[in-house]
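Dropping the structures in below, format is structure tokens.
Common to both upcoming complexes is chain A, partnered first by chain B, then by chain C.
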Partner chain A sequence: MIAMGRYVAERLFTALLSIAGIAIVVFFVSRVLPGDAAVVRAGQYATPEQIAQLRAQFGVDQPVLVQFGHYLNGLVHFDLGVSTRTGRPVTAELSGRLPATLELSIAALLVALIVGVPLGALAAAKRGTAWDGLVRLGTIIASSAAVFWVGLMAIYFLSNLLHWFPSPVDRLPRGIDPPGSITGMFTVDAVLEGKFPLAVTAFQQLMLPALTLGLITAAPVVKIVRSAMSTALRSDYVRTAHAFGLPRRTVLVQDAFRNSLIPVVTSIGIVAGYLIGGNIIIEQLFSWPGLGQYAYQALQEHDLNAVQGFVIFVGVGYVALNFVLDLIYASIDPRVELRTAS
Partner chain B sequence: MTTNTAPITRGVLRRSRAGARLRGRGWLTAGLILIGLLVVAGLVVPLFAESPTIAHPADALLGPSGSHLFGTDRYGRDVFIRSVAAIRIDLLLAIVAAASSFVLGSVVGAISGFLGGYVDEVLMRITDIMMAFPSFVLALIVTASLGNSTTHALIGVAVAYTPYFVRLTRARALSVRSLDYVAASRVAKTGRLRIAFTHVLPNSIQPSLVQATLVSAWAILDIAGLSFLGVGVQPPTPEWGAMIADGYGDVLSGQWWTAFFPGLLIMIAATGFHLIGDAVDGGME
Partner chain C sequence: MRITKKWPLAAVTGTVLLASACSGATPTSTSGGSASFVIGAGDVDSLDTIHYKSDTGYTVDANLYASVLQQTFQPQDGYLRGTSNYVPALADSFTVAPDSKTATIHLRSGLKFADGSPITSDDVAYTLQRSLSKVAYTSAFLPYLGIANPQTDITAPDPSTVRIALSHPSTLLQKFLAFQTFGVLNKKTAEANKGASGWATDYFAKQSTPSGPYQVASWDPAQKITLTKNPNYYDTANVKASSVTIQNMPNVDQRYLALKNGSIDVALNLPPKLVAEAAKDPNLSVYKIPSSQLIYMGMNNTDPVLSNKLVRQAISYAVPYDALRQQVMQGYAGADDGPVPSTMATSVDPSGTKTAYPTDIAKAKTLLAQAGVNGLHLTLSVKASDAKATQDATFIQSSLGQAGITVDIAQLTDSDYTTKLNANQLQMFMGAWYSWGEDPIYQMNFLMRSGVTTNYAKYSNPKVDQDITQGVLATDPAQRQALSQDAQRQIIDDAPWAFLYTEDQLVVTAKNVHGITRPDDGFLRFADLYRQ
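Let's turn to the complex of A and B:
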């Protein structure tokens, strides 16, 4: 137990160090941004005085170190500044859009796991056979497809042509009111409020982007599960189980498969990376009002604070996720604890 | 019972090893053929075709046919000619991006691993921070910060993948530096940087070479993704991602071929590099 406490403290310290590093790097890197938000905002016919006034308003006329002080002070108070594009606080805008992205990402993650885990296990169990080859070839092709291409073709063929899915307009079709915001995830909220038809409508809008993102993200899941289960199958305990004469199926499921799920937990960190990267494109394609769409629009209009805010959000979210996954990993695999304690 | 299971296990192992080797070779060949075909098409076809940027408004949005294999886009440009002309640009950008991150990452990794101490500490923290971002997000931020252009997309992708090579080379460098020939060099009073470059680096880049083929595949997708979002290669230059962005509206109104074929070529190119990377990786296992 003491070892576990020490492990948590160590991991927490590393995580905080990374977050501090991200904050510092993001600030100084974003000063490289050549576009001037004040010039963009002031428009084509602005006088130099108007631009200077806007620069003062945005605080970009002050020395870099003074700006850095304001920035750090803001960060500590969860204040990411004001978007130069919309004039609203970046923190509020990002947290307002977070549920849309979370809903899409969680749905895509579920698709990826439901498709990826069985396929990876199958490939490992039938390692070296045609099944294995087929799964690996499928994985390679899936990870070679551009997510925006798959999405666009899915929209045309499955939605426009076959009408299997609704048009990719937003999280809900026009004219339909969203449910109250308990979690901000429409499908979940609608169910919680007992509005089942609304939940179905929201789910239908969610399906195509989630399937697109999820199927492409399944590729890394297949790879990780296959390699983890192959290792488990080569292990001494599986050989022992075979030697005891246990049925092949029992050994495969109880020993090999269950043990190979441990690496899957940490692999969610890798998969989350794919999801965040894919989100920027998928949200753009499906008019999904999440963080990815926000970041893209902010980048296009040199909205410094909004870009900074997004990058910090992603960086901190990623570090936090990995911290939590490390803890889960340590609690299900006792060897991790022993290793750090010694 | 025990006498029964032992041969089975051995049989399984033998079959999987033979299978892996066979598949490795087959996949390597398939990957090389795919990339080879693309390179030949990209070099030869443009010699016999008209410029990929000339518009023919009268032939706009024609479906695939004998005279226009992949159809035409909204400006009446032949999608086949443009898709094939894009091979040069996309493959070149992806390979240069992968090679740049390979060289930069390997040098930094070798120095970091071999020197150790503060240098290593600082370089590793920077690498960690970079790896806290998904590579496409990092590439997008760097590219958009520098300004939308082909060169900046190249830099963005190269920067995004450098940390992978730093980590790989550093890990190898740590084990190489304790080997006898490095110790011998030290005894002979060879400079530390000289040892890093002449002994440690060449002996620790092997895993990075495998990684480089995989990074080439990812770079194809990232370059196209950046151009699709409008921050990479700019139209009217024929580039797969930019062509798909260009055909976006037309696809929704039914002219699917404007984006379908460029995307298919992205998939073929990335599959080619993936097959090579996977085969080489499996061979080293």
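Let's turn to the complex of A and C:
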């Protein structure tokens, strides 16, 4: 128990250190990005005086260290500044978009796991066969396909031609009001409010972007599960199980597969990284009003507070996820706890 | 001169038949009425009339706020084209004294903002003063209006009268007063929310006090803005579309696919290739609207090599104008013969068939030899987000290569491009310009006059400056034409830019959607939209 407490404290310290590092790096990297938010915001007719006035308003006319001081002061008060593009607080804008991104990411992650884990297990169990080759080929294609292109083809074929999915114009079809904002995730909120037809509609709208993103991010899951299960299948305990005459199915499911699930937990952290990158493109393409779309627009217009806010938001989310995964890992894998205790 | 109210808002339209809303899902709200429309466009970043903002932001403002005057429309090729007539809107009359020293606006009686509070001359005077104040980029219009000091020269002597003292006659005053940037705001609300700027800029960026045909029903900046009819608008009986939602659809391919499958009714800003596709679809209507949107390749006239007129002329001869119009623009573009396109009054080529320089590689080589320039190596900058400009640049790169000029294309982020352009750090650049009001003198004053910020090529010719200065003050149409055309010929000869083409404004709608308007500011007015 003491060892577990110490482990949690160590992980928490590492997480906080990572977040501090992200916050510092993103500030200084943002400062070397080419462009001037005041020039962009002021517009083409603006006089030099108007541009200077905007620079003063945005605080970018001050020495970098002074700006950094304001930035840190804001951070400790959970204030990410004001967007130079919209004039709204960045924290509020990001918080408003977070549920859309979370809903899409969770759905895509589920798709990635539902597709990736069985396929990875199948490839390992049928290692060297045509099945294995087919899965590996699919993995290579999914890894190398451009997210943008896959998304566009998915819209064209699955929505426009086959009408299997609604057109990705919004989070809900036109004329349909969203549920009350409990979590901000429409499918969840509709269920919580007992509006099941609305939940189904929201789910249908979510599925096409989630499938696109999920199938692409399934590729690393397949690789990890295949590798882990292949290792398990070559292990002594599986060989022993076979030697005891246990049925092949029992050995595969109870010994090899269950033991190879531990790396799958780790893979969720890796997949989250894919999701963050993929979300930016998918949200642009599917008009999904999440964090990725916000970041893209902010980058185009040199909206530094918004860019910094996005990186910190995502960074904190990523670190928090990995912290939780570390804890899960420690609780399901005794080797982690033993190593820490020693 | 006196203008009085004669024209209702929907001056010219056909029969209105409203079709039922089309939606595959079961609507749970009342927002999908028969006269409601969904438009796929970009996002709305600000609602403030004096903010420089996204095109979608301008479009929304143009429908939220009414000005004292407005442009009239007449049918042309299936859409409603803005005419040169400007008539009273919130005004009951607009008069300029015979000595041209005073303009007087009398307001209609019983005008109200959307919240029911009265619109008075105080609101109009405040709005004009605000739009011409130092915090407004629109203060750039001041030299054309003949208003020396907005704070003292614009007054409200009684609740229904606004008086403007003019320092010089202005031929553009009526036109400019119809601009959406002078859409009337509620002074009391503004005074209560002054903020740091003193002009309620923070407030109006996020809130509105509509005086026009629509009001904001809901706005999720990430997703969409929905406008509904303003019941207190003076001409609300002639507002056909009861509700308009502008959906933020950043990807143009997806915008097009959504239009094709009926999820949206109108798609704005589609690229020419998709518009050419849409033209083949019997369920869609393509509105190809000739425009004076000028696409050019700027050449930095202060650059050691490009300061040589012969070199600039050589480059102009080496540009593949036909290929740009046919290949990049798919035919949705017009030839351009200089800084004043054919769609503007006083253009030296009213036929719209000539280019300032024909494509002539041999001539380009000869001029380069005359200039004593060999192995010319140039950098052409484009916004990476502008696919069309990048395609233009690629064609130009190839064609200039045939003339022995090596061109590197630098793709910059929007902010980097804009910052470097303002700082005079780009050697050659792809640019676009559209002048609200479509006035030739106004256009050249911004683009070609020495020392003006928006003269990005840093072109300077004292004779052109003189013509423009006189043109700003001239009220006689014949004199304006002579000055304008003299300046145009000088500019064409100096070749500060390569004048590439004029880009048509392209609007694609579902077949049953009608009432597309094309005012001089280029921003769609929703009031005339209907289904048939």
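Some points to look at:
Operating definition for what follows: the second predicted complex is superposed on the first by the 342 of 342 C-alpha atoms of A that agree within 3 Å, B and C clash if a C-alpha of one lies under 4 Å from a C-alpha of the other, contacts with A are read in each partner's own complex, and residues count from 1 in each chain.
Simple rule for what comes next: a contact is a pair of C-beta atoms (placed from the backbone, for glycine too) under 8 Å apart; a residue touches a chain by one contact, two chains touch by 3 or more.
This one's a predicted model, so the numbers in the text were calculated from it and none came from an experiment.
Placing chain B and chain C on a common chain A by superposition gives a clash between them. Look at A:284: by the touch rule set out above, it reaches both chain B and chain C. Within the superposed three-chain model, A:141 lies in touch with chain B and out of touch with chain C [touch as defined at top].
Judged by the touch definition given at the top, the superposed model places A:29 against chain B, while chain C stays out of reach. Using the contact criterion defined above for the overlaid structures, shared-chain residue A:176 touches chain C, although it does not reach chain B. In the superposition on chain A, A:242 makes contact with chain B only, while chain C stays out of contact range.
Of the two partner chains placed by the overlay, chain B and chain C both lie in contact with A:296. Of the two partner chains, neither chain B nor chain C is touched by A:107. When the two structures are aligned on the shared chain, A:47 is found in touch with chain C, with no touch to chain B.
In the superposition on chain A, contact is made by A:152 with both chain B and chain C. Shared contact residues of chain A, touching chain B in one structure and chain C in the other: 34-35, 152, 155-156, 160, 284, 296, 299-300. Across the complex, chain B meets chain A through its residues 1-2, 4-6, 8-9, 12, 15-20, 23, 125-126, 128-129, 132-137, 140-141, 144-147, 217, 221, 224-225, 228-231, 240-241, 244, 248, 251-252, 254, 256, 259-260, 262-263, 266-271, 274-275, 278. Of all the residues in chain A, the ones that touch chain C in their complex are 34-37, 39-51, 53, 57, 85-88, 93, 96-97, 100, 152, 155-156, 159-160, 163, 166-177, 197-198, 201, 284-287, 289-290, 293-294, 296-297, 299-302. By the touch rule above, chain C contacts chain A in their complex via residues 21, 23-29, 31-32, 38, 40, 43, 45-46, 52, 134-135, 137-140, 196, 202, 205-206, 220-224, 245, 247-251, 253-254, 257-258, 260-264, 385, 412-416, 418-420, 422, 446, 453-454. Chain A makes touch with chain B in their complex at residues 17-18, 21-22, 25, 29-30, 32-35, 127-129, 132-133, 136, 140-141, 143-150, 152-153, 155-157, 160, 239, 242-243, 245, 273-274, 276-278, 280-281, 284, 296, 299-300, 307, 311, 314-315, 318-319.
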